[in-house]
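Each of the two complexes below includes chain A, the first together with chain B, the second together with chain C.
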Partner chain A sequence: MKLRIAVEGLGACAGCEIAILDLHEELVSLLQDLEIDYAPILIDRKSLKENVDVLLLSGSVRNEHDAEEAVRLSEKAKITIALGSCASFGGIPGLANLYATRELLERVYLTTESTDNKEKILPSEEVPPIEKIIKPLKDWVKITYDLPGCPPQPKLIKEMFQMLLNGKPVTLSKKTVCDECDLKREEKKITRILRWGEGELESGRCLLEQGYFCAGPATRAGCEAKCLAVLMPCRGCMGPPENVTDQGAKMVSAIASVAAIDEKSGVDPEQLATMFKDVVGSLYRFTLPSSIISRRVSEGKKR
Partner chain B sequence: MKHRTITIDPVTRVEGRGKITIWLDGRGDVKDAHFSVFDLRMFEKFLEGRPVEEAPQIVTRICGICPVSHHLASAKACDMLFDVEPAETGSLIRELMHMGQYIHNHSLHFFFLAGPDFLVKGREQGLLALIREKPELAEKAIQLRKVGQEIVEKTGGRAIHPVTALPGGVTKKMSKKEVDEIAADLSSVEKDLRELVNACKEGLLDKKELMLELDSQRSYYSALLNNGDFDLYNGKIRIIKPDGQIAEEFNPNNYQTQIGEHVEPWTYLKFPFYKKAEWPDGAYRVGPLARLNVAERIPTPEANREFTEFKDEFGKPVHNTLLYNWARLIELYYALERAKEIVEHEKTAANDVRHSFKIKKGEGIGVIEAPRGTLIHHYVANDEGIIERANLIAATTQNNMHINQSVRDVAKRRIKSGRIDERVLNDIEVVVRAYDPCLSCSTHMSGQTNLEVEILNEHGEHLKALTN
Partner chain C sequence: MPETFEPYVVGFLCNWCGYAGADLAGTSRIQYPPNLRAIRLMCSGRVDPTFILTALKRGADGVLVVGCHPGDCHYINGNLRTERRIVFLKKMLSDLGLDYRRVRLEWISAGEGEKFATVVKEFVEEIRELGPNPIEGNANET
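Here is the complex of A and B:
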């Protein structure tokens, strides 16, 4: 019997759905074992009437329509998978949690350079109201498994389908991105944090040890360290490694371990911290909504 | 017959989430129609506070279908902001990445999303029907898109949400081996491309009457242009009037003086317009059809031959919305030919991929032709290079007014005196799909779009639902 699946993207970029299509000819073979019952981006079925075995739910709940859709669909699925990092952790759109809804809407609809809106209209008719903050999908519906990544690499999606077809639980790598990275580590200590692209990039050498912020030590493996292979430091899209809740906290300890603090010619930790711009946007780029402090809690000055 | 409302929710086989509402008057004729977009994610706001050199890594997440466009428009804005000329080889690699994206995007749109309307019987099953009914064609289409995605991966590090572009160029040089592999991949699909395009043209010509009759919008058109030549990566913006006369040609850095964005309360998507012609008359269209209407010549031979044929067949400018599909096929030729030119260029595998830059205060505007039309990224950064303001105008946004107009016109054609022609759903979706709307991009927001029609009475009570 074929595995019956539904695929739906909530507030998202469709990258997770394209990642499924990026299995290319392998997807055609997989379709012999899969029955796609619902996937608005691909087929015209307008609603999911019957139950399915697996729901692949990507994106985040940004408005009431997304919330209703998530609940309605997950009720019809035996297994619901949070596909991608928006679904698993909140993802990049979760950075909107740093601002109040009013600030977000005013910027977009009133004050951008090209907006011509003298009547100060904010969209409010015929459109679903906005949810104030982004939360991971597990806060909305029961999630059976997370398949993180922005997007999850097609290889991981293939493995997920194989596990599901074999009736096995969906498991993830327990390693970190550093374990998959080919760049050479020399146990060197850093005395400064460079901005991305500043100075000369030395190929073949650990980017963190060159002074560039790299989230590799605090990020789950599975992506094959593809960014590092083209000399772009990890930004943490796979989310925290096994048994870690707060990716940023894990990263701070990783930086501390390579920083030349308390050594003779070392740096003052305070000074190192000031070299680090945009703490939240770096340490929690993909995971702010699922971190310990998941949103701005006061009107105070933001970092 | 009372006032009624028809709702189509969700619109399928397009990217993004929204619905269509059609209001009927007391006689049962179409009074108005709205294409409301639900998505919003507000990148403009949360880019504030981020180091500007990180923007190319963040904005890719606006769209998983055309992340390369956002990545590169952003990198171009950073080049200008930090006052760094990108390295020559870096620029070639960026443009090659862009061509890879076009091969992927246009194959995806035609063969996987919109094409099934013209190519197969079980069109509501989309790609699945293509695989079942025309397996050989499907296999070739899948291979063609794969070649596109592999080019993006080789140049950008990852096929979806690439990472290599940064101010001054790209992070990594390409090896001779990688360049040769791309050249071989391109050659391997050349013949298939002709076969695929011919099958598509046949499919479209079978429905020529529908194509020419269903929807036509006499609009302004806008696109990048390089000395009159079609160009997807660099150039000036030219706006033409509905009669084809040039209305304006300007440096994209001056977009603010030429383009305004109108806001309506019933959609999260804004409505850009050409300021001199004012809202709503100044609303213009972008994307494949607009690019061909604006361009005088395509600088690669096969694409230019197809372009000439297209003009002979349909004239210039072309206003028929469904011909967006045909225009997209011509662009597929261009993307392949231009990619080939780049891989044959002696500098593509050179070492000069990146120029260094210094963090400083500045303002940068990056403009590129995304698959769906002109894309603008605009950042202002403080002394520390931290973004203080960001403004984005995505491609689909600029088609918003005319997508609405097309929906309204098709509804008027198919709904008369309260009689709803069953073709209305199909036809509306076919027209919307021709624009290849990307609602994630357009609202920098989120997405997926499907279509369902609900009929309500004047009290908003449910009367009837139409689905396909």
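Here is the complex of A and C:
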């Protein structure tokens, strides 16, 4: 008996499905035990009629169609897996929670530099209505396991299939990216905060201790710190590590602990914070919808 | 009839200075508003940003963190660690649309009962001006 799989991408970029294909030859051997029944992005099959063993859902729920699809398909699966960071935490599309729906629609359909929409038409016909905020998939359907990553590492996808084939629960690393990272830590304190591309990168040394924003201390391991191996700071796509609910809060503590603490350096913490640009976008790049304060609020409204 | 707004303020007080200061305010019978719910921790350095976010999420209108004066920390520099965290946290809260004044850090020693009462009075008044915490009310609006 082969394990029967369905794959569906909701509001996202289809990168997670491509990550499955990135298994290359290994996929061929896996397919001896797996049968992909339905995967609109990968195979030509118009609808899913029978029940399947495992449903891999990627992407976020951006409109009513996504929500309907997620519910309809998950009812046909024994196990539903949130594949990728969008499905697990809300992902990059989740940063839209920093804007009101009206602002989003106006930006996309009216004010982007490449827009040619003189009549100022906002689509209303034959387009599913937009959901007001992005929520992680587990708020919509029952998710058995998460497999985060943007996109999930093919190695982790392979391990996931093997765990499923052996009837075992899908587990993730309990460590943080720093545990897998080879760059050297020297317990140095920072007196500046840089964005990638500013200043001069020193190879071999911890990027956070050089003043670059790196989400490694607040991010789950599993990716083998591939970005760090090429001196690209961690962006946090694997989400918060075990027993941490709020990646941004954890990261605030991590930055605070490398911030110069003695009076000698003469750096005011306020000054350091001013150097930190795009705070929410950096701290919650992939996890805003599943964090404690999951969207922008506005002061001054009466409850 | 409009209801009057009574701020709900959560206070994280360190065992050695903040809480002792609050104690002194109490034993000295100094009056201060009852809006503060005090939580005693061993050190202000124990205040994880998650605590503050959770308090705000669950409806606190303001969060007051009280630690020892710099140099006086029972654990050498726990208070300075929290100072740094709160600076970044405030920036994050502003970006999320909250007024950063809803979170306040104060250094109050065990001998400063008077200062404790003044700080609570000021803070409660400031929050009263700011109005209710908008997080809950905005949950399902656009």
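The criterion applied here is as follows: the second predicted complex is superposed on the first by the 294 of 303 C-alpha atoms of A that agree within 3 Å, B and C clash if a C-alpha of one lies under 4 Å from a C-alpha of the other, contacts with A are read in each partner's own complex, and residues count from 1 in each chain.
Everything below uses one rule, namely that a residue touches a chain if its C-beta (ideal position, glycine included) is under 8 Å from a C-beta of that chain, and two chains touch if they have at least 3 such contacts.
Please read these numbers as outputs of a predicted model, since none were measured by experiment.
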Overlay on chain A: chain C relative to chain B, clash or fit: fit
Chain B versus chain C as contact partner of A:62, first or second or both or neither: first
Touching partner for A:255 - first (chain B), second (chain C), both, neither: second
Touched partner set for A:102, first chain B, second chain C, both or neither: second
Residue contacts with chain A in the superposition, chain B compared against chain C: B
Contacts of A:112 with chain B and chain C, given as first, second, both or neither: first
Partner chain in contact with A:279 - chain B first, chain C second, else both or neither: second
Partner chain in contact with A:297 - chain B first, chain C second, else both or neither: second
Chain A as apex of chain B and chain C, Cα-centre angle in degrees (nearest 10): 140
First, second, both or neither for A:214, with chain B first and chain C second: neither
Touched partner set for A:229, first chain B, second chain C, both or neither: first
Three-chain overlay, closest Cα atoms of chain B and chain C, distance in Å: 10
Where chain A meets both chain C and chain B, residue numbers: 98, 302
Chain C-touching residues of chain A, taken from the complex the two chains share: 98, 100-102, 132, 245-246, 248-250, 252-253, 255-257, 259, 261, 269-270, 272-273, 276, 279-280, 283, 291-293, 295-303
Touching residues on chain C, where the partner in the complex is chain A: 48-50, 53-54, 56-57, 77, 80-85, 87-93, 95-99, 130-132, 134-138, 140, 142
Residues of chain B that touch chain A when the two form their complex: 10, 12-17, 19, 21, 34, 36-42, 44-46, 48-51, 53-54, 57-58, 61-65, 67, 108, 112-113, 123-128, 131, 138-139, 142-143, 145-146, 149, 156-161, 163-164, 166-168, 171-172, 255-256, 259-268, 270, 272, 279, 354, 356-357, 359, 378, 384-386, 389, 391, 393, 429, 438, 440, 445-452, 467-468
Complex contacts: residues of chain A adjacent to chain B: 8-19, 21-22, 24-25, 28, 31, 36, 40-47, 59-60, 62-63, 65-66, 91-93, 95-96, 98-99, 103-105, 107-109, 112-117, 121-128, 130, 150-151, 195-201, 203, 226-227, 229-232, 235, 237, 277-278, 281-282, 285, 302
